[in-house]
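Presented sequentially are two complexes of chain A, the first with chain B as partner and the second with chain C.
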Partner chain A sequence: MFKAEIRSDTLKSVVNIISTLIDEVKFTVDQNGMELKAVDPAHVAMIEMQIKSGAFESFSADNTEIGVDLDKIKDVLKLAGASDVISIELDEDRGKLIFKVGNITRRMNLVDTSSMGETKVPQLDLSASVTVPVSELQRGIKASESISDHIALTANEAGFSLSCEGDTDSVDLVLDKSVLSELEVKSEVRSIFPLDYFSNLVKAVPSDLSVTISLDTDFPVKINFDMADGNGNVRYLLAPRIEND
Partner chain B sequence: MGVNLSGVIECREVDLGYLSGRKVTIDAYNTIYQFLSIIRQPDGYPLCDSKGRVTSHLSGLLYRTANLIESGIEPSFVFDGAPHELKRTTLDKRKTRRDDAEKEWEKAVREGDLKKAFTKAQQTSRMTDEIRDSSMRLLDLMGLPLIEAPGDGEAQAAYMCAKGDVWASASQDYDSILFGAPRLVRNMTITGRRKVPGRDEYRTVRTEIIESEEALKHIGLTREQLVDACILMGTDFNPGLSGIGPKRGIKLIKDHGSLEKALKHIGQDIPDYEDVRGIFLDGEYSDAYRLNPEDMDRDGVIDMLAGYDFTESRIVSALDKIDSARAANKAKRQQRSLDSWF
Partner chain C sequence: MAEDWTEKYRPKTVRDVVGNPKAVSDIMEWADDWSKGAPKKKAAVLMGSPGIGKTSLALALASEMGWGLVEMNASDQRTGGAIRSVALKGSLSNTFSDTGEYLDTRDGGMKLIVLDEADNIFGNADRGGVPAISELIKETKQPVILIVNDFYDLSRKSSAVKNDTLQIKFQKPSASTVAKALRTITENEGIEADDLVLRALAENAGGDLRAAVRDLQSVSAGKDALSVGDTGILSERTTRKNMYDLMYAVFRKGDPVAARRAAFDVDEEPSYIQLWVEENLPYEYTDTGDLVRGCERMSRADIYLGRVHRRQYYGLWSYAVDMMTAGVSEARRSSPDNRNRFRFPSYLMKMSRSKSVRNMKKNVADKLGTYLHTSRSRIDSDVMPSLKAVLKNDQGLRASMIRDVGLEVEELAFLLDTGVDSPMVKLAVKDAEPPKAITKSAGGTAEGKKAEKPKPVTGQKSLFQF
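Coming up: the complex of A and B.
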């Protein structure tokens, strides 16, 4: 059993973030909320997401799994204003998920989850961690997009920087430690990442949030943030580009 | 030539460096024509060696390709195979236009009008067997992948791009989109300040990327429908209807859904339209190609180009550029998957 109501802007953020990686996903649901682990087909990035029942306007559920096509939920979201409440109900007998937006009812087939395996999550011990406003990262990306297809993230005692070096031009976004709410660095760390993945994620995160970036040299980056007033949590891992042997 | 969709297709301007680390396949005829047209002396004469052989294309292929490789791009070249019989009319027309331009060029040179001479000379560029063969020989000596298409080169390029073997197809023509290439790069081999054709002004040419899916979405047509719209306005394979340009053609297909219905609506007929459609949608292509560069034959390149009166030191510096760029690209960072950290 699953029946819930959620604000359209909350659902939109959730869908936008996950769909940067993958379109068909499996939510695991219990009475306390729902969670998801998903990895993109190239295994370059993954998302772990938890949404507590508090993120919903109303929520009641037993243990179950729901497979959905996020493109279809995007269609539903187009029908709703930001503050509209969307109701979602699982019809297990017919294998359908039913969305209601005002006087519109949209029924969609569930996606078969039997072929979706468990996503393994690498255990990483990353030495540096820094908390930055997403709006700053969004500006850094905007400045980088026509320059190159990769960016370097660096953390040292002075602060955090996002740099992008192209053929002839380069861009640096430098965030001094005075503007960072948290900075933990043992020694300077730096890794290089594909700009498209990083940019798609950062653009999907609501711009009033801050994210905690855990970083090391030539290691995946972990981007952790809370959403929906602390009722949702996202951990995003992105693999680096590394020098050839 | 191809269809002209410049006013209706959305593109994104980028630095050449944006293409770094990517395999791009180049429409060889299209690029060689550009070199033949642009690389000329002030009176319009192409670069020639002491035997009177044209060398504009070799100069372009050596120096411009060296620049591309230096930017981290991995280029390959697709050559057209036998032209489709429907392209004959277009080719004949081009020949007539070239012959006319040739006369006007000679006249302008006689009258001392250099500006006009250059413009007219640009329109006389032709692909001879000598130019095709020497281009292929040079690229081969440089170790660059060459693909001989069974039919239209752009159809082959689009096929390799759709398969994901190359990141993009590079051509000045928009036909690649019709042939189904997911991504087209324009202005890759020529960048910087260029003369506007037919006018006495210059503008800065920047490399453009066109994502076909986005471009089609923006126009509001499927690829099949865009092919239909282009058949209305005319392609290399059919003359099109008079008075129908990109805007009108697209609107007609948008309003009526397909070429058949649009033709019925305006009460006109296009013979062979199904064949033209077939050329774009079911083009001929080959799976026999390699896209990784081989070691260049340094002495071979130097011998060949010295035979065309190129200065040895300039050849060597271009080849050095290629060698050091290839070494740097090899050392370049590669994307890892998360699986490495389990």
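Coming up: the complex of A and C.
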């Protein structure tokens, strides 16, 4: 059993964040909320997301799994205004998920989850961590996009920087520690990541949020943030680019 | 429905892969090289006919080495964009596996990228797929395996596939190897099966292990014992034998009447029978006298077939068939001593092998023909040879072939006798692209755009409209 109501802008940011990685996903639902773990088709990034029932306007559910095609939910979202409330109900007998936006009812087939295994998320020990306003990252991304297809993240005692080096041009975004609400660094750390993954995620995060970036040298980055007034939590892992020896 | 046995009994480890010890050791060696740092050939091609364990080996390799796995098969969309966004991107970064591990290449944690049925990437649905594969092979920092049935077809389109890959051939397993594998399954499933039954299933599948397993599952559905009679429902895979039966009746039985009768049982056109008899005649009739008589009968048969064609009178077919069966059979004076296998018509083999080349030629000729107001055969005989020579030395003309004549990249590569990823072709494609910056700044209005881009092909065609 699953029946819930959610504001369309909350659902939209949830969908946008997941769909940077993957289109068909499996949510694991219980009475306290829902959870998702997924890895992208190229096995370069992972996402772990928890949405507590408090993020919904109303929520009642038993333990179940729901497989959805996010492209279809995007279609539903196009029908709703930002403050509209969308009601979602699972029809287990027919294997359908029913969305109601105002007087429109959209029924969609569930995606078969039997072939989707249980994804596990690795525990990583990362030495540095910084908390940065997303809007700053978004500016940095905007400046980098035409330069190269990869981006270096660096954290040291002075602050956090994002740098992008192309064949001819380069761009740096330096965030002094005064701009950062948190900075924990033992020694300087630096890793290089594929820009498109990083930028797609950063663009999908609502720009009034701050994210905590955990980093190490030549190691994955973890981006952690709360959304929906603390009722949703996202952990995003991105593997570094392989550098030539 | 019960679980698919072809999945259930897919080999879990490299050692479980049936047959092909050389291929298995080659691929293991390659994988070990990867653990020590990137080898020279970063991509391997597994080639061989369907159903003999190529995909199974790739999957088993990934799990045995503890590597992550990114697989793209024919059911995925495989445009250039899709291959770049999944396979190529995956190949440049480290990996998270499904089992929740972070795999770092410095510690030997690789990600195996498998492109299954890579020779089936073509046409509009997979536009740009082949150049993307070439890019992947050159740039990858992770092991890549391409799986193909027809290596020639893919390697012709891409020099990277031809030159920068480790090529590993898969042989069809013998019938007894297949029967042994089937035996493992029946034992596991608790089915009593006679050796003869498994042998028959194995032989029937003609080296296709997957087909044999499928057949086994279908004949044993709901049974716990198999007898010889149970295989009777599998007649479909045996139709080809009829042609070999006919050859036996014609060449070795020594009974013209039986040979003629056998031809009735073969549901094939006389021209097809003719190819078979022609192919096998010189191998069967080693005695000169026999051969001369046999050839005379065949030439008579050919005259009849020619008349059928010219007069569209199919009544003559039966004379033609009589000549090539009973006639050829009767031509033998010496006693048959040949025990070799009958041959499949080499003409048909050559034609089917050259099919894609001939198609390519035809398409190019059609496009050039429209442009030059010339027939396909004229293009083929008069234009192509000199055009090929000129194209090799004229970059402007190469670009114009794409821009004005509308040749596809593959077609230009064919004319130049290179792969689609050769520098000459790439440059031509680049030059053929309309100069974007100029059209943008100059062509604000629709008129401006029209002036920028004359379309010679349609312009020429319009002459006919007057």
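Operating definition for what follows: the second predicted complex is superposed on the first by the 243 of 245 C-alpha atoms of A that agree within 3 Å, B and C clash if a C-alpha of one lies under 4 Å from a C-alpha of the other, contacts with A are read in each partner's own complex, and residues count from 1 in each chain.
We take it that contacts are C-beta pairs under 8 Å (C-beta built on N, C-alpha and C of every residue); 3 or more make two chains touch, one makes a residue touch a chain.
Please read all numbers here as calculations on a predicted model, not as lab measurements.
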item	value
Joint occupancy of chain A by chain B and chain C, clash or fit	clash
Contacts of A:Ile242 with chain B and chain C, given as first, second, both or neither	both
Which of chain B and chain C A:Pro220 touches, first, second, both or neither	both
First (chain B), second (chain C), both or neither touched by A:Gly81	neither
Which of chain B and chain C A:Lys120 touches, first, second, both or neither	both
Chain B versus chain C as contact partner of A:Ala45, first or second or both or neither	both
Partner chain(s) touched by A:Pro194 [first = chain B, second = chain C, both, neither]	both
Steric overlap of chain C with chain B in the superposed model, located at which of 44-52, 260-268, 296-304 or 368-376	368-376
Doubly contacted residues of chain A, that is, touched by chain B and again by chain C	39, 42-46, 120, 122, 124, 194, 219-220, 237, 239-242
In the complex with chain B, residue positions of chain A that touch it	39, 42-46, 120, 122, 124, 146-150, 166-169, 192, 194, 219-220, 237, 239-244
Chain A residues within the chain C interface of the complex	39, 41-46, 117, 119-122, 124, 193-194, 196-197, 218-220, 237, 239-242, 245
Chain B residues within the chain A interface of the complex	12-18, 20-21, 71-72, 330-342
Footprint of chain A on chain C - complex, ascending	37, 68-70, 85-87, 89-90, 92-102, 104-106, 111, 141-142
